[in-house]
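The following block contains the structure, expressed as structure tokens.
Each chain gets a letter, A, B and C, in the order it is written, and its residues are counted from 1.
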Amino acid sequence: MARSITTQRKTINTVLAWAIGLLIFFPILWTILTSFKTEAQAINDPPIFLFFDWTLENYSVVQERSNYARFLWNSIFIAGGSTLLGVIIAIPAAWSMAFVPSKRTKDILLWMLSTKMLPAVGVLYPIYLLFIKFGLLDSVLGLTIVIMLINLPIIVWMLYTYFREIPVDILEAARMDGASLKSEILYVLTPMAVPGIASTLLLNFILAWNEAFWTLNLTAAKAGPLTAFIASYSSPEGLFYAKLSAASTMAILPILILGWFSQKQLVRGLTFGAVK
Amino acid sequence: MGRITLKEVTKSFGTVEVIKPINLEIEDGEFVVFVGPSGCGKSTLLRLIAGLEDVTSGHIEINGTDATAIPPAKRGLAMVFQSYALYPHMSVRKNIAFPLKMAGVDKTEINRKVDEAARVLNLSDYIDRRPGQLSGGQRQRVAIGRAIVREPDAFLFDEPLSNLDAALRGNMRLEISELHQTLATTMIYVTHDQVEAMTMANKIVVLRDGIIEQVGAPIDLYKNPRNLFVAEFIGSPKMNIIKGDAATELGAPTVGIRPEHLEVSKTKGKWKGTVGVSEHLGSDTFLHIEAEGIGTVNVRADGEIDLHHGDVAWLTPQVDKLHRFDATGLAI
Amino acid sequence: MATQNSRSAARLMMAPAVILLLGWMLVPLTMTLWFSFRKYLPLRGGDQGWVGFDNYVRFVSSSSFWPSVQTTLIIVGGVLIITVVFGILLALLLDQPMWGQGVVRILVIAPFFVMPTVSALVWKNIFMDPVNGLFAHLWKFFGATPVEWLSQASVQSIIMIVSWQWLPFATLILLTAVQSLDGERLEASEMDGANPLQRFGYIVLPHLARAITIVVLIQTIFLLSIFAEIFVTTGGAFGTKTLSYLIFQRVLESQNIGLGSAGGIYAVILANIVAIFLMRIVGKNLDA
């Protein structure tokens, strides 16, 4: 816009936006700060904002007491595994829908979307039963599969919208150059779609990491990821704010950083390409 | 070897028949141009030959074997696309090497062939750049390079010059013609531009609405168009079509006269007219003359002619160069 | 446009995704449907046979059904209103020129990436605890009696927590839509003499209509099934039992599978009604 904005106006905007931004971010900031306090300082009245004795004690206590590493490893494995598996299944499907569209393509895409909208609670018991039957209850594998399935529609959709932006000419050129379907997808399509595939991986990793319903209902001590680890702190006995904060910080920080990288893709991924 | 035969080939998209039964013989080493207005089916026909589309019925033979069911990768043809369709994530070298890599050629051989192609096409200085860093003409050359390294039985060009500006188009036209002289490989070239067709082809195939209107050498088509459509499509500026009394007087319901076959005079002639627009190009002068009882007539006259807007001009057709057509538009 | 070859390849390559999702949808749904017509109490006699529509009738006529519908509507509606209204305002603000725009954006978006269990726990304890919570300190500072948030204002508290989580989503999408608004159109309307309020009403809001609809529909689908936020904070007590939480309790806590399954089918139908509207919009976009 070739419009000059007065400095005064810009200053007001800045102050207002920063104030609101900090207000929204405050719970996270406060949690992070509290994680470095002692338990006494954490519940001090009046609350101490910055001038307390910074300590890392809470982090070591949390790690020792609850085997944080195993939960973290479960989280990484489940989020990473489900996302990777989903993308491997989704790439060929998205290729088909983007480059060989038929009359049914649109219906299939919308149907896939509709499975995403199935309320989880409606199928909770059947899944529970199936998990018991196949010995998948409280297993990393079982949760990986379920989370892959609930995110598969989003993965297919995201890849589809990215693939559609690639000119079909280039794939045809590869065909003329003697490439088999496998080579076409492996050497031409995939490298060209790297940015799209990367954002798909990122967003779905975040969604999988934060998944709560199936995680809480299908896992316990053995296969529980960080979501479950945190939920275990909700039991009233032994509530320590500083330790709760330390545990929370450890659970959200990695994803917060990843999330900031993915803000643009977030819009596209979560609106199924309806808003870009 | 690059002999391609189409036998009763048709193509329909849904209920729309884009290609009506077509028979065509393309000899080894020929430069064949498919030309016609947009929507005539010329690109579809090329894609059928390439194997990027299935024929609805009929057969395509390449070197005498039925290739109808063979996938594009195995037909031994190379194609240059209108959009160039270069692989944006690969350097020029990798783009050109791609078909060889797919064919499993060994590395040193690939390098030798790519270097050779780059030299021939003047791409050696750009060999490590990405397509995004090249000009339109350079991209075009990379696309051609990618096609020639695999030494195909035939080259397919789908309107390869339409994204270039006029000056570059002229150059590339020459380069492709030279390439054909050097390689002597069959080339099939699709264009809507009759100038490209006339200047490059050994054999022109004029298409309209999925039907071949005429096949022949450029000069044949120019001299003996089989019908009104071909007569009007080939040649620039367009042939003048005269109907009514003036045509009957010349011995046919419809008469075609090429602009260069009309003599112009300031003083005497068969038809009287007034100059509307005169375009002085130096070598030639194109006159648009409003002739009485005939309508607007295009005339190609001498570059020096001194006729301007509003002048009276007299026209005389060269009777031996007339094209006569019957009521259905067929040449008599 | 493609060859028979590539069409059959396409069908083959689509198969794994389609089959998996089909299985994921049909198998459990069929089981739920089956259970919903049976009296099935795994801990109290197991499967006791066919009962027709008994479960459906009982689910609806139970004393907790209507309150749970009401709670669901209040929570979903409350969160939608808060996130959309504040989302529009925030989007308009963030679209203005300012210093440090990128950083502010990051601050605003952050809550979306916090896992639901963490945000529920942090809010419940560190902020809303009536003794040691930050709000309690604040209230005491102003001489007021601290509120027992999660029991006295339980539904409002949950609306607040969930709104905090979803405001970034609404803001981000609406911001994307605001940024696609043609500046010249606003300038033209300004030339035509429209004041800021009129400009908002006649130009900005209609432009945002589609994005707002999408925000509303997508959030509705996710909000209808919020779980962790209730599970961690109140466990469904103090009038915070939503429809999906009620079903969860019927199935896993009271182990009444038949009844829970009937409820599940109701939830599926409800979600599908919302989904149809969303798919219409998304589908229209596909054609474009």
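The definition used in the following text is that contacts are C-beta pairs under 8 Å (C-beta built on N, C-alpha and C of every residue); 3 or more make two chains touch, one makes a residue touch a chain.
The structure presented is a predicted model; accordingly, all values stated were derived computationally and were not measured.
K.L.:
Compare the CA centroid of chain B with every other chain's and tell me the farthest one.
P.N.:
C
K.L.:
Taking all protein C-alpha atoms shown, work out their mean, then name the chain whose own C-alpha mean is nearest to it.
P.N.:
Chain A is the most central one.
K.L.:
From the C-alpha centre of chain B to that of chain C, how far is it in Å?
P.N.:
Computed from C-alpha means, the inter-chain centre distance equals 60 Å.
K.L.:
Find the geometric centre of each of chain A and chain B from their Cα atoms only, then give the gap between the two centres in Å, rounded to an integer.
P.N.:
54
K.L.:
Would you kindly tell me how far, in whole Å, the mean C-alpha position of chain C lies from that of chain A?
P.N.:
Distance between chain centres, rounded to whole Å: 16 Å.
K.L.:
Mind pulling the residue numbers of chain C that touch at least two other chains?
P.N.:
As it turns out, chain C has residues touching two or more other chains at 2.
K.L.:
When you check chain B against every other chain, which residues touch at least two of them?
P.N.:
51-52, 71-72
K.L.:
Hunt down the residues of chain A that sit against at least two other chains at once, touch-wise.
P.N.:
Residues of chain A touching two or more partner chains: there are none.
K.L.:
Under the definition above, what is the set of chain B residues touching chain A in their complex?
P.N.:
Against chain A, the touching part of chain B is residues 50-52, 71-74, 77-79, 81-83, 85-90, 98-99, 102-103, 146, 150, 156.
K.L.:
Quick one: which bits of chain A touch chain B in the complex? Just the residue numbers, please.
P.N.:
167, 169-170, 172-180, 183, 187-188, 191-192, 194
K.L.:
Would you mind writing out the residues of chain B in touch with chain C in their complex?
P.N.:
Interface residues on the chain B side: 13, 51-54, 71-72.
K.L.:
Give the list of chain C residues in touch with chain B in this complex.
P.N.:
1-5
K.L.:
Give the list of chain C residues in touch with chain A in this complex.
P.N.:
Per the stated touch rule, the residues are 2, 6-7, 9-11, 13-14, 16-18, 20-21, 24-25, 27-29, 31-32, 35, 90, 93-94, 96-101, 103-127, 132, 134, 137, 140-141, 164, 167-169, 172-173, 176-177, 183, 187, 210-211, 214, 218, 221, 224-225, 227-228, 231-232, 244-245, 247-248, 251-252, 257, 260-261, 264-265, 267-268, 270-272, 274-275, 278-279, 281-283, 285-287.
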